[in-house]
Amino acid sequence: MTRTRLEAFSDGVFAIVITIMILEVKIPPNHPTWEALWDIKGEFGAYAMSFVFLGIYWVNHHHFMHAVDRVNGAILWGNLNLLFWLSLVPATTAWLGEDFTQKIPTAVYGLSLLMPALAWTLMSLTIIRAQGPNSKLRAIIGRDLKGKMSGLLYVLAVAFAFLNPIISDVIFVGTALMWIVPDRRIEKHLG
Amino acid sequence: MTRTRLEAFSDGVFAIVITIMILEVKIPPNHPTWEALWDIKGEFGAYAMSFVFLGIYWVNHHHFMHAVDRVNGAILWGNLNLLFWLSLVPATTAWLGEDFTQKIPTAVYGLSLLMPALAWTLMSLTIIRAQGPNSKLRAIIGRDLKGKMSGLLYVLAVAFAFLNPIISDVIFVGTALMWIVPDRRIEKHLG
Amino acid sequence: MTRTRLEAFSDGVFAIVITIMILEVKIPPNHPTWEALWDIKGEFGAYAMSFVFLGIYWVNHHHFMHAVDRVNGAILWGNLNLLFWLSLVPATTAWLGEDFTQKIPTAVYGLSLLMPALAWTLMSLTIIRAQGPNSKLRAIIGRDLKGKMSGLLYVLAVAFAFLNPIISDVIFVGTALMWIVPDRRIEKHLG
Amino acid sequence: MTRTRLEAFSDGVFAIVITIMILEVKIPPNHPTWEALWDIKGEFGAYAMSFVFLGIYWVNHHHFMHAVDRVNGAILWGNLNLLFWLSLVPATTAWLGEDFTQKIPTAVYGLSLLMPALAWTLMSLTIIRAQGPNSKLRAIIGRDLKGKMSGLLYVLAVAFAFLNPIISDVIFVGTALMWIVPDRRIEKHLG
């Protein structure tokens, strides 16, 4: 079994999950005014943020699969598990978009970012064990500082949501920026 | 005609069917509470279950196509027939998600899993006949115990729905678990 | 420029158009009865029919592209024109599904099948002219009796809709059956 | 890292964005009349227009990627930035479709075409700098007169929207026609 179809299916799911979220961003009908746009600032902000997070997962999925030589049942189901949790992001994004200052939607949103990170780790461990002592994936994961930090930041965001959701929002934005802002060391690594 | 485009189109349909189901899982707006989440436990459970069943069909489709050398009109239409029945799953999932204890939605949900299994069998028989006595597909299908058991379990679930839908629900969950829980023999087979 | 990406993008659009139609087939909520299913018989019938027609277009697109050696701007836009008309089918399907006995929705549905056929012809003529006297595509199109008959049947269905929509419905079903029922000559041609 | 998966993911997003817009074009239910069709002329016109604009971006993306040898983090995120802005087009299209004569929806629609053009330019500059003095991309961009004119026309359309939205509409249609109408010089360039 080759990696191609696994990637094609995953790309399809990523593309759909990332795009159907826009169906939640509806400008109120029959109000051709700036106020109508301002009304959806929450939905739009949540959409933009989730677009970045799903983009992060897609970019990493891309790198990850390059270190996988052999696709077996465990990786197929590990990958489906990852995609399952990612597919929930549109629902939690719509909930957060209603009001960024609410504790539970903020915590649940953080959780919906954390669960795929855990699914990711689970999938990684399975593959690393299968690849044995010279695991290519272990080497890549070992250097994946941003990935580890993101997981930790999602945990912090969930915890802080119950104290003050604004702190969680700042953590979300900071995590997204950490990935978007170019990083010379990463470029060298990818080169 | 090559297999590539058949797979690409099927992957697209699988990815879309599996993902648009989430559009039915809507957290009630303007209730930033745990109760709002609890309200959609049925929809969420049905979504998770159908995600697994569609995942099962996708994984099997993947294996199946590897035993197909020659794509002809019969397989193109047999595959479209399979995808047609799978495309109904989001509608039956939404119906089941409203209430797992209702007889008719439970039976119809079971039927919506059984129909693709029948479409699958029909497609298999056509290809096996075309491949002749040394059919690669016959060999794979012969060993596909889980596939045969799943078909039988879907029939049982439909029948029990009229007695007690909870029994059907248990059968659905059991069937899904049978596929998710790792199985060493299957791993060897895929290796 | 290669054919691969044109096919991949077209497959994506086909897969999405064919699948989002199911979003219109909603079993009425809070009625776990056979009557609820019976209520959507029109939507379901229209969905099944359009699934077949889009399947026909997809299968033919598949064959068609195999006779195209060189992708240029004209074929890119000719293909986008075809996909545009196909993308309208979900809207006309939903309209027809409300009531199969209404003149205007039936005529508009027939029109929504006829327009892609015209877009197809336009694209074919452009390519045949570009390929010159030994056009591979001309040879395939010349033998494409079913394709020509389908175009004619769509015209008839539009015309009859204003007399009696039921006649048009019969024509739609007949056309779909013509493609689904296996045909030995076609199998040989594809072999 | 190869270009294939970047293209596959982008094609998926293009296909979904271009197709989900049709979900906004709903023929009013229970009115099987020509008036019902006439009611959605605005939505339909906006849909057709955006289909062409997204088609333009897709065709250009196609050409653009052929001049990219090496995919790095900057291009992955530059491309995601482009797809993000394109993914907003369905929302602005639905707003414009309500009434083409409204100033703010017209300006916002123009802006939603301009932003991807800016994202495009940003991505191009990054790649050209990376490719150095013999940049293949610089050569292609240098000749891309239509692309440059489109960007300028989007700016003009945004500006004129505040004076008279009809002028902007004319500019939108003119820009779309500029791309659809065949151009011998472009054909030669692609040949």
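Going by the order they are written in, the chains are A, B, C and D; count residues from 1 in each one.
Assume contacts are C-beta pairs under 8 Å (C-beta built on N, C-alpha and C of every residue); 3 or more make two chains touch, one makes a residue touch a chain.
Note that this is a predicted model, so its numbers are computed, not measured.
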Same or different contact residues where chain D meets its copy chain C, judged by the half mark:
different
So if I superpose chain A on chain B by CA, what angle comes out, to the nearest 5°?
90
Inter-centroid spacing, chain D versus chain C (mean Cα positions, whole Å)
26
Centre distance in Å when chain A and chain C are each reduced to the mean of their C-alpha atoms:
37
Residues of chain D that touch two or more other chains: which are they?
8, 12, 15-16, 20, 23
Can you name the residues of chain B that touch chain A in the complex?
7-8, 11-12, 14-16, 18-20, 22-23, 25-27, 29-30, 32-34, 36-37, 48, 51-52, 55, 58-59, 62-63, 66, 179-180, 182-183, 186-187, 190-191
Taking the touch rule as given, give the residues of chain A at its contact with chain B in the complex, in rising order.
1, 5, 8-9, 12-13, 15-17, 20, 23, 70, 72-74, 76-77, 80, 83-84, 87-88, 90-92, 94-95, 98-99, 102-105, 108
